[in-house]
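Both complexes below contain chain A, partnered by chain B and then by chain C.
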Partner chain A sequence: MDTKTKLKQVLIDELNLEDLTPADIKDDDQLFGEGLGLDSLDAVELVVQIQKHFGVEIKDMEEGREAFASIATLAAYIEEKSG
Partner chain B sequence: MSGKKAGARDGRNGWSSRSVGSKFQHGIFYFLIRFGGRRGAYGLLYLVAAWYATFSKVARERCRPYLTRRFGDRGLTMRWRERYGLIVSLGKALIDRAVVGILGPESMTVEFTGGEELLAIKNEGKGLIVMMSHVGLWQAAMSALGNLESPVHMLMRREDGDIDRHYYEHAGIERPYNLIEPGGFLGGAVEMVDVLKRGEILSVMGDRVLGEESNTVTVDFLGAPAPFPVSAYRLAASTGAPIAVVFSRKTGPDSYKLELAEVIRVTGVKGRGAEIFKPFLLRYVDALEGYARKYPFQFFNFFQMWKN
Partner chain C sequence: MKRVANYTLKHAAIKGIGVVGGFGSTTDELLTALQGGQKPQIQEFDKPGGGTLKAFKANTSGLSAFMERRALRRIDHFSRMALYGAHLALADGGIEKLDPERTALVIASGYGAVGSTFTFLDSMIDGSDQLSSPTHFSNSVHNAAAAHISMTLGIKGPNHTITQFGLSVGSALLSALSLFEDEGLDRVLFGSVEEFSPVYGYAGAYAGGYAGDYSSDTAERETVCGEGAAFLLLEREAEGFPTLSYSFEAVEGEPPPDSINALGEFPTRQAFDLAIAARLVGEARPKMVVGHVDGNGGPTMIVEMA
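Showing the complex of A and B:
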C-alpha cells in the first residue's frame, strides 16, 4: 500500500470518518476547512497518529502548515521524513 | 479596573480583555506599591473601585453577566455592592501580582495543597495539562508549577496594546513560561502535542473560548447554557496526558492558596465531534461552579460566558 492510500485509511480509521473510503478522498483534497473538513481538534489526533503509524514527528508549526495542506503534501512530508 | 488576561478579541459581542485603565493610571498604582507597599495601593483601590462601580458603563457591562447568574436579579443598591466587591477583589489580585514583581516573591506566600500528587502525575511521563481558570490569581498557580521541575508552556493570547503588566515584567526578568498563541496555525495544536510528547507541562484556561467556536460544548453553568472549550480534552485523549484542575484563591492580605480540585483522565472516547468530551468537561464545570458558589468574589471571568 502506498503512503497516500495508507494515510487515507489512517484518517478514516483514527478520525472516525465513517462514511468515507480511501477511494472517496482525492489526493489534492484539503485536510482542513473545505475538502475533508477537519478542524483543530482533528489536528491534535492527526499529529499523534502520524507518529504512531509512520514514525514521523511533526514538531515545527511552519513545517506543519505546509504538510497539512492536502493528502498529497502530507504524504510527501511523511515519505521525506521517514525515508 | 482591568479585564483579566487571555482575552478573546474575536469572542462573542466583540469582547476585549484589554485593560480599561490608562498607562498613567496603572503607573500611579505601581508608584504607590513601590513607595507605600501593598496597603498604599489598596487604599487608592477602594476609591477607584467605587468610581468604576458607580460611573463606569464598561465595568457595569462586564460585571453584569456573572453577577446576574451568581446572585440573580437584585435591587440597585445590592447590585452596586456586589459590583464594588468584585472590582475590589479583582483590583487586589492585580495589585498582588504587581507587588510580587516590584517588591519580590517574598512579599507573597503561596500554599499548595496537592503539590505532591501533581508531581507524581507529572512523573508518569505523559506530559501534564494544568487546567486553570479566571479565579483567584492564576499567576500564583503558574509560580507553583515551577516546583514541578519541568518546562511550562501556556496557551494564551495577549492583546496588542494592553498595558497591564505581568509580575515578571515588573521584575525585569525573563518570562518563566513559554507562550503558545491560540490564534496560530490550527490553534497551536502542533506545538501543544509536541509539548506533551516531551513530558512537559501545558497550562490552559478551561473557562474561556479562545479559538474556534466549533471546538466547544455547551453545558449549564450557574443555571444557564454556556459554551466551554474542549481542545484540552482532545489533547488529553490523544496523548494520554492527565488534566489537573487547579484553582487559586486569596486567603489573606499577602497569601494565596492553590488547590488541586480534580484530576481528569480522558479515556475511552469514541466517535467524532466535540460532544464526546462532555462527560469530562462536566467534571471541570462542576468544580468551577462549586468554586464560584463558595468564593463568589474571586471569580474574575468578565467574558460574556453565557449564550443569552
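Showing the complex of A and C:
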C-alpha cells in the first residue's frame, strides 16, 4: 500500500470519518476548512497518529502547517522524513 | 415496610422516558427482556487467561435518526449511549425544542467511560504521552457524556455529572430534584449511563461473580455484564404523567408487593428500574415503589411513583 492510500485509511479509521472511503478522498483535497473539513483538534490528533503509524514526528509547526495542506503534501512530508 | 428515618422528600413529574441497552431502545423491549421473552444482544470477548465472557451490548445505530453521522465522529460509545437515551426521552415526551436557559442536565455514572479510559491508559503504557490520543482523553472523563448532550441539545442550564459508584443514581436524582427549587428551571433531563469494557467484565468475573452464561432456562441463568443508558425527562408538574416522590430513607421490614428492589453495583440498573416503574404507572398501575439498597444492605433511596 502506498503512503497516500495508507494515509487516507489512517484518517478514516483514526478520525472516525465513517461516511468516507479512501476512494472518496482526492490526493489534492484540503485537509482543513473546505475539503475534508478537519479542525484544530483533528490537527493535534493527526500529529499523534502520524507518529504512531508512520514513525514520523512533527515538531516544527511551520513545517507542519505546509505538510497539512493536503493528502499529497502530507504523504510527501512523511516519505521525506521517513526515507 | 417501616420507615425509621426520613431525610427529605421531593417530587417531580416524568414527562418522557428513554432507555437503551442490550435489550434494544424502547421500554417495550426492556419489559419484554425482563420477562424473558427476548434474548438481549450478547457479545463475547476473550478473557485473560483463556476462555470467553459474554456481555449485553447496546446498539446505538438508531442515534443516526437524531444526529448526522459526521457529528458523532468524536463521540465515543459511552457518550453515544447517553445521547441516544437523552434524545429518546425528549422524543417520548414530545419535546422538539428545549428552552436552553430553563433546562438542566444531571447524569449519574458510577464508572464513567471505561472504554475510552482504558484505551487512553493503554496508549500511555504502549507509547508514552506523546502517542496518546487527545480525543480518547477528552472522552475518558466522567462528564464527557453530559458535555456532548448539552452541546447537542443546546442546554445552558446547570449541568452536573455525579459519580458515587452504587449510590450514583440516588445521589444524582436527589440533585436533579433539588434543582426544581430554582424557579428559573422548567425541566431537568436526568439520566444514568454505564459502559461495558473487557476490563470491567474481567473484574466483574473475578470480583463480582459474573459468569456470563445466559441460559434460556431462567433458573440456570447467571449474572451477565451489561451496559446502557436510562433517561427521564422531569418537570415540576405535568398533568396526566407519572409523578415520582423521592425520599432518602432508612426502612425496615419487607418491601410492599408492587416494588422493585435493585441490588448490586451497576448504577444504571437502578435508573432502568425507575424507567420501568414510570412506564407501568403510566399504564394505569396505581403505584410502584423502587427501593435501592447499597452494597452493604443499607437502604439508600425509596422512590414512590403514582
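We take it that the second predicted complex is superposed on the first by the 83 of 83 C-alpha atoms of A that agree within 3 Å, B and C clash if a C-alpha of one lies under 4 Å from a C-alpha of the other, contacts with A are read in each partner's own complex, and residues count from 1 in each chain.
Everything below uses one rule, namely that a contact is a pair of C-beta atoms (placed from the backbone, for glycine too) under 8 Å apart; a residue touches a chain by one contact, two chains touch by 3 or more.
Bear in mind that the values here come from a model prediction, so they are computed numbers and not experimental data.
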Chain C versus chain B on the shared chain A, clash or fit after superposition: clash
First, second, both or neither for A:43, with chain B first and chain C second: first
First, second, both or neither for A:16, with chain B first and chain C second: both
Partner chain in contact with A:58 - chain B first, chain C second, else both or neither: first
Chain B versus chain C as contact partner of A:32, first or second or both or neither: first
More chain A residues in contact [chain B versus chain C]: B
Touching partner for A:68 - first (chain B), second (chain C), both, neither: first
Where chain B runs into chain C (options 237-245, 255-263 or 291-299): 237-245
Intersection of the chain A residues that touch chain B with those that touch chain C: 15-17, 41, 44-45, 48, 51, 57
Residues of chain B that touch chain A when the two form their complex: 184-194, 197, 211-212, 214-215, 230-231, 234-235, 237-239, 270-272, 274
Of all residues in chain A, those that touch chain B in their complex: 15-17, 32, 39-41, 43-45, 47-48, 51, 57-61, 64-65, 68
In the complex, chain A residues that touch chain C: 14-19, 37, 41, 44-45, 48-49, 51-52, 57
Residues of chain C that touch chain A when the two form their complex: 69-70, 72-74, 127, 130-135
